[in-house]
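There's a structure below that I have some questions on.
Chains here go by letter, A, B, C, D and E, matching the order in which they are written, and residues are numbered from 1 within each.
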Amino acid sequence: MSRMPVTPLDSATTADIASHPPADGAARRAWVVAAFGLAGLAFLALPFLGLVISTPWGQLQLQQGDLGALRVSVGYTVLAVTLVMGFGTPVAWWLARSSFRGKWVVELLVLLPLLTPPLAMGLLLTMSYGPYSWLGQPLGKLGLSLTNTPAAFLLAQIYGSAPYYIVAARSAFEGVPRDLEQISLTLGSSPWRTFWRITLPLSSLGLGAGVALAWVRALGEFGIVLIIAYYPQGLPVKLWVNLQDTGLSAVYPLLWLFFLIGLPLPLLMGALSR
Amino acid sequence: AEPVLKVAYAGSMGALMDKALGPAIQQQAHVQYQGQGAGAYGLARLLAAKQISADVFVSITPGPMQVLQKAGLVGVAVPVASTQMVIAYSPQSRYAKDFEAAAAGRTPWYEVLQKPGVKFGRTDPKTDPQGRNIVFAMLLAQTYYKQPGLAKAILGPVVNPSQIFAEPSLLSRLESGQIDASSGYLSAVISHKLPYIRLPNEINLSDPNLAATWYDKAHFDITQPDGKTETLSTQPLVFYAAVLKNAPNPKAGEAFIKLMRSPQGQAMFKRYGYSEPKGGDLR
Amino acid sequence: MHIRADIQQPIVLQAEFEVHGFTVLLGASGEGKSTLLKAIAGLVPAQTEPFDGLPPQRRPVGYLPQGHALFPHLRAWENVAYALGGSLRAQQAPARELLAAVGLVRQADLRPAQLSGGQQQRVALARALARRPQILLLDEPTSALDASTRDEVMAELVSRMHKLSIPALAATHDAHLAAMADWMVLLDGRRVVQQGRPRDVFAGPATIQAAALLGYRNRFTATVLKHEPQCNCTVLRWDAAAISLRVPMQPQLAPGGVIDWVVPADDVRLPPIKEQELRPSENPVLGRVEHLMVRGANTTAAMRCGDALLWMHAPYRLADHHGLALGQELTVDIRAGHVQCWGREG
Amino acid sequence: MSRMPVTPLDSATTADIASHPPADGAARRAWVVAAFGLAGLAFLALPFLGLVISTPWGQLQLQQGDLGALRVSVGYTVLAVTLVMGFGTPVAWWLARSSFRGKWVVELLVLLPLLTPPLAMGLLLTMSYGPYSWLGQPLGKLGLSLTNTPAAFLLAQIYGSAPYYIVAARSAFEGVPRDLEQISLTLGSSPWRTFWRITLPLSSLGLGAGVALAWVRALGEFGIVLIIAYYPQGLPVKLWVNLQDTGLSAVYPLLWLFFLIGLPLPLLMGALSR
Amino acid sequence: MHIRADIQQPIVLQAEFEVHGFTVLLGASGEGKSTLLKAIAGLVPAQTEPFDGLPPQRRPVGYLPQGHALFPHLRAWENVAYALGGSLRAQQAPARELLAAVGLVRQADLRPAQLSGGQQQRVALARALARRPQILLLDEPTSALDASTRDEVMAELVSRMHKLSIPALAATHDAHLAAMADWMVLLDGRRVVQQGRPRDVFAGPATIQAAALLGYRNRFTATVLKHEPQCNCTVLRWDAAAISLRVPMQPQLAPGGVIDWVVPADDVRLPPIKEQELRPSENPVLGRVEHLMVRGANTTAAMRCGDALLWMHAPYRLADHHGLALGQELTVDIRAGHVQCWGREG
């Protein structure tokens, strides 16, 4: 098969197909990239492999109070995530559906708790919610103490997880075509019904991913909790206490317990999104 | 580069270590000082599990050091300084006037602490020596002042969630005015420039000579992680130091201990509010 | 039905026109057709007549957006039941009846993704009808339809509208759809430039832009040479093809001025004219056939005349008889009466 | 204007337009939701407002070593983020472009470090990289110590930030139409050139968001660093040391310094994406 | 050019056909047209002829995917320069020349989003030509074009191809495009069912599916009643309309069997037949006009005949002369010779 003449363009086409890099060079590069990626994965996996190796499988024994910590963690995390969904969803929806001058300020506010190191975040919360603080004092008069109480524990979890949920929920809402919401309005449905019957089902996967992320972050929150809610003791603080109290051997069972309750939700969300 | 000297020390010693002893040893032994301060038991457990490494470990009370001795990482530990329990208070507290009066000896401090609404802070008796020591101090005060129920009235139960905070946040909480008073070591309270109330030697746990005759009368029970009940006794508030057997740089470690025990080192201790070492070696 | 809309955001658009039966709103992309429909449906802030001030959920309009916008997570019957209000299950029976009315009994349980473009449109229609609207608004109803079934689906839709006797306003840039309408409205330069019965509008576009919208391919410019009162005609110079044209007298055009003119492709005539029989109303145009398409009984050809391309339609039998072929030189006739002109302003 | 008869459908249409909820009920609900959202935002903003109030602006003074910590944090964070991009990009690309059985295992591996509480992650890292561990021991013999060394610091930052980058980069790559990559191939460009000239520019905003997130996470990483890299001291550990040694007054300047260097990148990315 | 492709993934498709000049590959949505083009371009694993085994970047094909797929971050000239290899700046001059060759001198510095659909297509073409391909592959080239300019843009594209004399294969479901082609290939049921010159293919579809693809609207079923050798014809019963039809003798059809038949809309004849003049080759069909569309010189009408809808095209003058109007009862003629039949299998 001969190459046909490209009559009016002959003078212009200076590129030669053969001048492209030979296939074996490309293949070598592909292998280098693949090697980088695999090395990265192996690297991420290593500590968990190390955990499997190091765990004294024969003597995994829960310490006293570990199950209490489990109950605290699961119970309050469920509550915290529910609260985060409760106020985070309108914020995310607003960020997804409105554009206004100064929106970046709102975005900054959402990002700030995510940016602040947990230790500092804990101190900031003490400054604002401590019993003698500008906010804590009036709240205390109303009988709401925000130090070493379940409410303080929730506070820590909420600040630790809300930004992740809001960011995920926002992009989930941005993925719902506005057309569908508009058509629902013209079909006589109120904005309220539209949200519940159209927007929510269509963004459910993205929202689910946000919930999974918030779940993981709230469950694992340590730095903030340590400062403002040493009690009630959830799994991360119990991990720390066990370490000091008994040593590493008391950490393994708790760690596995943690994975056992932390992983199913994100894995389920991953499976559903496929 | 200069060899590294790693010192793991009880978290309350931070100011002294980082600002005085550390710079001094860098000059003397031509090493690069790296100090790591945290809860003494926590550090001891991490060292014992070989999760972290250090050349020198400095513990408050013998307990954490004994964890390492049991693990076979430490032979003999030497006392390098001592401190005492004090009650630190917040100058912003609405009871500040009362605390000032107590500090001046005009009113009994334990009455101020029992005022309704006073928020008192301490650390976890399960994991921190200081958390145990404040309980002992209150039990001793109860006997010393002949005030039955004093400890219970001030502290509540041994593990009282409304008083117990993680160690790093306790003094900051006091500083920012979020509690009225807290337990503290004299040394640490001085570094943080906080006002405090001195306690009599019979209560402040600083004198090993009082251990056998007086301090040992205080006991309390605590539930062990394995569910058994353990009865705790006082330990003198002495700082012990030792070079670890698996120290990467034992020579520098020895030099550091030597510095701490030298007149120059002792002067630094004194400057930061510590007292002279008391009692004998820990074997 | 009389429609008026005054929109400031996102574009400035004022429009006032009638809707009679199936009405097509024809305009180029970006003219604001979709915005106008949304304004009537209450989805864009605007003053409108009727329904002014009502929120979208209280306007009795059936709105079918571009691409139908079926709810992808709901089955066909659920899409319809949703519009009936209340719980979906309670509305299953009436929803299925509405689907049956648009001939989709068997597709009621399918999801939108399992339906063809035409079926999706019918579900959207049933859904829009569920609220008994006073007017149907259709945005580019042909855009999601396969080319091969487009005309059929649309013809069926139009006859369904007639049966329902609900006025419908369909926005489109497709002049084919306008041919099926009872009434048409032309939107150009963000305003209504013409409205009327399709036959009348197609026959007499009000502006050159209207002619473009209506699918006139033969749009050219020319210079006015002179008026010839003796034959009651004006002579133009078609510069691109270097040809003079006689058109009916246009006294309002000043000699030397530039004008736009069009001639329908149907009115470019074979057979070639014999010179000796030339009448003043005939304009012989010489060109070379550059495109030739034959489909069924009709031929479409494009002739190169200088820089211009002149399109013509002819029955195949006629084209065949004259041996129309690619590359052939040919003289065709543009009759003066078939040319329409507009002077340019400024 | 009278309602026109809907001839064949009259019997079927049972819904009445007037039966939809009245507008004032909807408006009330809208206000409730808006109030929730605003309350959520205010709630997130509170501690930072508290910080502004509490900061003794007159006496903001850096402690000795604070600037050193800044240098350490910025320097190693830049390096860590670069490394994360280096191995995270191929992993993200692979996750975005391939589908294979067992992909969920890879996804799990990426998520695990994000899921593990930082303290536990630090412990896991010492189990694998500590001086006496299965990996640390041979590495130590090669002269690479991974405790309290710059390498350990990097390690901690990488584990703390890589998952966030990979997740963000993956969805950035998924947003690049495959069509454009394919057309680039048919135009004679190698997959390599295609990646650099087409995929990368088109996913740059999403990748930028991932980099910003990784930057923030690596910069603020505390829990992992505390365990395996107390030295070299970056800002978060210095924050902790200052807190222990001097007290709260030494924390304020460091915290503001931290915001000052942490925020510009995410804000820039937010501004660009608009 | 002879093309062969054997695809297993993502669909199973074997196809072998010729490409002559501008060739249209006509098939319904989902038939695998896009997959076939991608296989030839090397983007889908397949055995192909030519270019077998080469990676896509080494195949001398110019591939224009659906929607043109211009690189949105590059200007028009940069899009073309990218295909020339090397740094964009170094290739600026030749890239601009290539754009000039497709008439886009002034648009060279614009971004794809600033170009019209037809301009985007020309940029994509210039870009594809930059590598001097041996064949151009176009996927649904009409899909991103405005309805009002579609035919013009495509006609121009086809004539450009002819000038370049590069063979081109355009996949589409739009029978209009096929009318412009030099050669056409019909894909149905994942295989090639027919290929040939458009005139021949349009005149004689090989199967009823092919007829549907080609845009025959009048597709119906019938039952074979009997063969009538005396008039050399077969008699069918058109069940939907309850009418008997005479068609040319089809000896292969067994009486009682069900068949598919088509008649072109162009061949449904006005004027109504006068009963007394009826010849055996004429089939009078009575119906009521249900749709009527007039555009320019042509009329399209649909007659309701029982359950069936019979479409017809007629010149407007003729339709006007017979007073064709909506709702009118009418008898038209389907000549036996214009009917094509296919027996059903099984």
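Assume a contact is a pair of C-beta atoms (placed from the backbone, for glycine too) under 8 Å apart; a residue touches a chain by one contact, two chains touch by 3 or more.
Since this is a predicted model, take the numbers as computed values, not measurements.
Asks: Could you work out how many touching-chain steps separate subunit D from subunit E at minimum?
Replies: Steps on the shortest route: 1.
Asks: If you average the Cα atoms per chain, which one ends up farthest from subunit E?
Replies: The chain lying farthest from subunit E is B.
Asks: Among the chains in this structure, which pair is joined by the largest number of C-beta pairs in contact?
Replies: Per-pair contact counts point to A-D as the maximum.
Asks: To test your reading of the model: what rotation angle superimposes subunit A on subunit D by C-alpha positions, in degrees to the nearest 5?
Replies: C-alpha superposition angle, subunit A on subunit D: 180 degrees.
Asks: From the mean C-alpha coordinate of subunit B to that of subunit D, what's the distance rounded to whole Å?
Replies: 38
Asks: Could you state the distance in Å from the CA-based centre of subunit C to that of subunit D?
Replies: 51
Asks: Would you mind pulling out the distance in Å between where the CA atoms of subunit C average out and where those of subunit E do?
Replies: 22
Asks: When the centre of a chain is set as the mean of its C-alpha atoms, what distance in Å lies between subunit B and subunit C?
Replies: Spacing between the chain centres: roughly 88 Å.
Asks: Two or more other chains in contact with one residue: find those residues in subunit A.
Replies: In subunit A, 15, 17, 20, 119, 123, 127, 133, 188-191, 240, 243, 248 touch at least two other chains.
Asks: Could you check subunit E for residues that touch two or more other chains and list them?
Replies: Those would be 55, 57-58, 83, 85, 130-131.
Asks: Could you pull out the residues of subunit B that touch at least 2 other chains?
Replies: 46, 51, 168-169, 172, 176
Asks: Flag every residue of subunit B that touches subunit D in the complex, lowest number first.
Replies: Within the complex, subunit B touches subunit D at residues 4, 6, 11-12, 14-15, 18-19, 34, 36-37, 46, 50-53, 168-169, 171-172, 175-176, 191-194, 248.
Asks: Can you check the complex and tell me which residues of subunit A touch subunit C?
Replies: Touch residues, subunit A against subunit C: 177, 179-180, 182-191, 197-198, 201-202.
Asks: Flag every residue of subunit A that touches subunit B in the complex, lowest number first.
Replies: 63-65, 119, 122-123, 126-127, 130-133, 136, 145, 147-149, 226-227, 230-232, 240-248, 250
Asks: Of all residues in subunit C, which touch subunit E in the complex?
Replies: The touching residues are 28-29, 142, 146-148, 151-152, 155, 158-159, 172-176, 179-180, 198-199, 202, 212-213, 215, 217, 264-267, 290-291, 293-298, 300, 302, 313, 315.
Asks: Any idea which subunit A residues touch subunit D in the complex?
Replies: Those in contact with subunit D are residues 15, 17, 20-21, 26, 29-30, 33-34, 36-37, 39-41, 43-51, 53-54, 86-88, 90-91, 93-94, 104, 106-121, 123-125, 127-129, 133-135, 158-159, 162-163, 188-192, 216, 219-223, 235-236, 239-240, 243, 248, 251, 255, 258-259, 262-263, 266-267, 270-271.
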